[in-house]
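For reference, the structure I am asking about is given below.
All chains are identified by letter, namely A, B, C and D, in their written order; residue positions are counted from 1 within each chain.
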């Protein structure tokens, strides 16, 4: 909560977390921590209900157009989904472990684990963006994409010195009015892509927010702000990150594993 | 009324040696402005909310008057001169007389469009466009920017920590943030109005809302505004829930809380659980408009009824976000001004929670006319459940009046008006929950009248009443009760004249959102319009009473009505940190039989003598 | 579940409080209701109304009495009373539920009556679009009749002066169950005939139904007159009685939502039959067909045929002329007109909005399309008469085969 | 009000006990052991493998025995496993098992609201007549003409089903032969198998491995995917 305040009356030689003083309206730091956690759980409830809308739209539309969803899903590779699930699960673990380290005052390990969590987030977004969004939206493939060699017959462009390769006709699986993919076999496939991009896009936005929080935690941890008696921010960031994981646990089978 | 005219009143509130009240300026005007803009004090934030909400109320009220004025006659009342889309100039006929839009209905294109961009014109303006914009403006502002935050964000923010004996809400900075979020959302909405307005109705029903004015950003801005306002609502609700859980004064158990707190607690739960769904709904609506993603658009395979479910899953519970705080205020005003313990405290408290629960089960009654027989039947049955806790509350309030000692102060007048108006609002809701009759009344003026009786007769009336109840506490000044009562009666009469006629309009076949109608309805519309002007007069009287009170009002005593809840233990206006010492709760919030109110001075205001056994 | 509820409501709800046999008419409604379901629904409404009045008067009387009796007076101690009474509280929680159960069951009963059409209903198709209605009769005909409300003599359903936009009149037989299959072509609309006490939303892309059995006209009803004010007579030389009922759109649909009206005209069955035969396109020349289509498909709402300025280009002298469009000048020939009807967004006439509704081949089939073209030719001075005559003759021949 | 801070500050510091935080009387400072966390991660990864395995297995069963499993099997299996995984994350990573029960209540209430939302919406929309696909092209988006493909002023207007429009356009652009080749390469359509009657005449040989981008992770064997479904076969 409070940052470099001097209310505790302790000198600068004492770590920041030891100098932490609860807000003036709290009886003690325990209560403040409890309240922050409760508040954050309420916030998580709102996040779950935000995604409830997407899940509901998914359920209703899949009920109406099962074939479109199955067809659309077949363009996604479950192995990329699996990799991303693993990445998120591992990052969830490192996040939880990081909180544990701060609880035990093992600052450097805690910071390292935070950094690993952050890197996992980057990895998730990288896979999502490079191997899933980019080719599907535009037909541009990253040159390392393992699927690329199979489409080279239809190559019709390169960019950045061969770093990206364009495949004619592959792209265009975009939402709504930007949809221009020619080989759909179900008339309602654009709807599937709309749901897919809304769900994964909003989830990715949450990943970005979570990563920003983790970065902020890392910066504060370097200043020594978290320790056994005060780690509210890391704890809540962790809760947020786990929620991101939780949503993905449901999105993964719903998007990748249907047939 | 005369009880409060003692000139000695206020000396209890004057604890100068403890430092200034929260209203005391910190220095020059710039310092003061910065202090207010960066304050985390729940009282200041409450007052800031109050000012913002009242401003939006003014805007929405102007729109309402425009709508009512237009409906004076079956055709155009407010004439708009037509514009030639080819030249962009105002149209005149051969004699140089201005040509009105109504004269060329359906023949020329919209003035607004032509001004912005003469290229692709997407909708015909037969002269109703501005009317449609006016009622949308009225609806959207009143719902999203006035009624939802009215009592919770202004009175709630100010009172919840005081009533709980806390120094502040749980997350003061979040509280300030929520005010800024509210203002940001309102600015978006106002921007959308300034650049041309929105003609979708406040419900933004697809596919109309995703396609109207297809080239312009008005709808996106308005929807974005509502989306942002949702965050403000969530933050406020979340803050209150945690505050109630964690910051009750020592000795205050759950059933020692004032009923206002119970009502606000239930409200906050609804806000937290329902608002995110409107968030995603509006987000998808924005995507629908910008990218045509098709989830709600039948032309692309989506389902407009899905949108309605999304929308009403939030917007029905939010009806209780609007009315539950009003219940809370009434549960305070009646015991205090009747000087009697509330009848059936637990019933009232649980009824609040019950309403909150049932509110999530009944949203489908907004869709009876869209033909889902099974769901309609289930929702109709569940809808009647709402009647039970609300009826229980009304019975309890009236039972509280029995053998009480009723001081007919302005807040009490408002409470009595509320009982009258809310009873009408509630009872006229019954034919709307009844399937057979709803098929006739749905989307008619009957519905308009019904929800105005509940929303305005319930919430706004109570908001103003609550404002009168806590005004001395908030600003440390008394107001002129005679003129306040005159204002209250004017509002009451104006309100009934405006809206009772609309019940008849509805049953006789007047659809809502109509700018023109058959001549038979005109007399009702005219009465209604006259009533709305009377309402304006009533509110203006209140405005002047409040302004006069701020400038020249008598200093308020700490406890002008003899209340027992903790906010009356603070000074008027309260200190910056609310209480000098952390209050200990030694009596219930309504134990008038056994407790002498804090800061009570018989010279300030006479209270009925305590019964003998209390001494 | 629906079945059980239905039986329950049949036994408990309908006649417990209301005198069903008597039509319930009060200052709440403008008339007795034009169908039996409407009358029944009014009875339910009035039952709820009187229950509500009872509760309201009871509560307000108590409140006023308490306020007067227990007003605060100086020096008078408050006569305190208990603040809790479990028996009373449980009683007043449960007692109102009885009324609620009645309301639900009665409402459900009336709802099923209003929703479920009898099997022998005459089915008609109703299409809604901004801001007009079209009804297709069982024989494929559509009503070309429109009226300008307010311009005509005062009718039995109340006068109105909303403007010059003509609203459609739909003839339906009295005392006959009629079922509309409704669909919208653009946004949502809602079909409401206040005299039938039912409204039903109309969606794009999904059919909803609406049924009614309107009470037939009797001797007291208005008599039908033609434009010159003379009585319309049946083949047997009798006057035709009719009842009119307003149609309103009850789901907000944009600018002229407020004028999206129509009239349901209930006439005797025989007269209805002769009317729809009159509008049948069988045995008519292409020009006549075109004129009927022009009137019945709502073209006349925007396009004029006399050269006057409308919301859309006039048809007078359109055919054979060069039309300025967003893709450059185009000759208004047969193909242009066909495209403009089936795919209106392809070329947009300069100075007009792109809001012409799409018509499908189901709505305007080849014969009707040829009819429209023939009709446009007949009102265009640019159409070479010799050329125009030839295809028209062809079509006529084709229709005879 | 400076005196107000003193008690809370001292209170906070009295309880300062870095190495014995687990001994705190309050529930909020439970420290989960490292082994537990690692174990949970292991279980979660295992369940991920399981859910994928079951999905693939189900597909294999369907094609091998040429049978149709109802669609809900797939969903029910996947959702059950996801629920178990989510519960583990909630209990151990998010510490619901150790923290104040009110947090659990908050989460459950939120799930209740979710369930109500899904249930009633499904109750209504699942019991209405389905949207009629035949009408799709006859309906204009809000009556303003077709949908524009993109935002630019000169974007083409799509006046028929989006999918059909783009198919025809591509067909005109590249010609039928190349179109067929591209469709074979890009399309993994197997809906025909999954929902419309029994497996195709060629049995599982023609069955498309749905959800596999050809060649991903097995770049050495690109030829295999050429045999996969699409209009070329």
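Annotations
We take it that a contact is a pair of C-beta atoms (placed from the backbone, for glycine too) under 8 Å apart; a residue touches a chain by one contact, two chains touch by 3 or more.
Keep in mind the model is a prediction, meaning the values are calculated, not measured.
Minimum number of contact steps separating chain A from chain C: 2. For chain pairs B-C and A-B, the one joined by more C-beta pairs in contact is B-C.
When each chain is reduced to the average of its Cα atoms, C sits farthest from chain D. The geometric centre of chain A is 38 Å away from that of chain B, both derived from CA atoms. Put simply, the C-alpha centre of chain B and that of chain D have 40 angstrom between them. For the pair chain A and chain D, the distance between C-alpha centroids works out to 14 Å. Residues of chain B in contact with at least two other chains: 122-123, 167, 207-208, 211-212, 245, 273-274, 277, 292, 298-301, 303, 305-306, 309-310, 371, 373-374, 577.
Multi-chain contact residues of chain A (touching two or more other chains) are listed as 24, 34, 38, 42, 45-46, 48-49, 52, 56, 60, 64, 177-178, 187-188, 190.
In chain D, 1, 4, 102, 109-110, 113, 117, 121, 125, 128, 130-131, 133, 136, 139-144, 147, 162 are the positions where the chain touches two or more neighbouring chains simultaneously.
Under the touch rule stated earlier, the contacting chain pairs are A-B, A-D, B-C, B-D, C-D.
Every residue of chain B that touches chain C in the complex is listed here, in rising order: 3, 74-75, 85-86, 102, 105-107, 109, 120-126, 128-129, 131-132, 199-201, 205, 207-208, 211-212, 298-299, 304-305, 338-345, 347, 369-371, 373-374, 376-377, 380-381, 384, 387-388, 391-392, 394-396, 398-408, 416, 419-420, 423-424, 427-428, 430-431, 433-440, 442-444, 503-504, 507-509, 511-520, 590, 592-593, 606, 608-611. Chain D contributes residues 128-132, 135-136, 138-146, 157, 159 to its touches with chain C in the complex. Taken in their complex, chain C has these residues touching chain D: 129-130, 183-187, 204-207, 254, 343-346, 354-358, 360, 362. In the complex of the two chains, the chain B residues touching chain A come out as 161, 166-172, 174, 234, 237-239, 241-242, 245-247, 272-277, 279-281, 283-284, 287-288, 291-295, 300-303, 306, 309-310, 577.
Residues 7-9, 18, 20-22, 24, 26-30, 33-34, 37-38, 41-42, 44-46, 48-49, 52, 55-56, 59-60, 63-64, 66-67, 70-71, 73-80, 82, 85-86, 89-90, 92-93, 95-97, 100, 103-105, 146-147, 149-151, 153-154, 168-170, 172, 177-190, 227-229, 238-239, 242-243, 245-246, 249-250, 252-254, 256-259 of chain A are the ones touching chain D in the complex.
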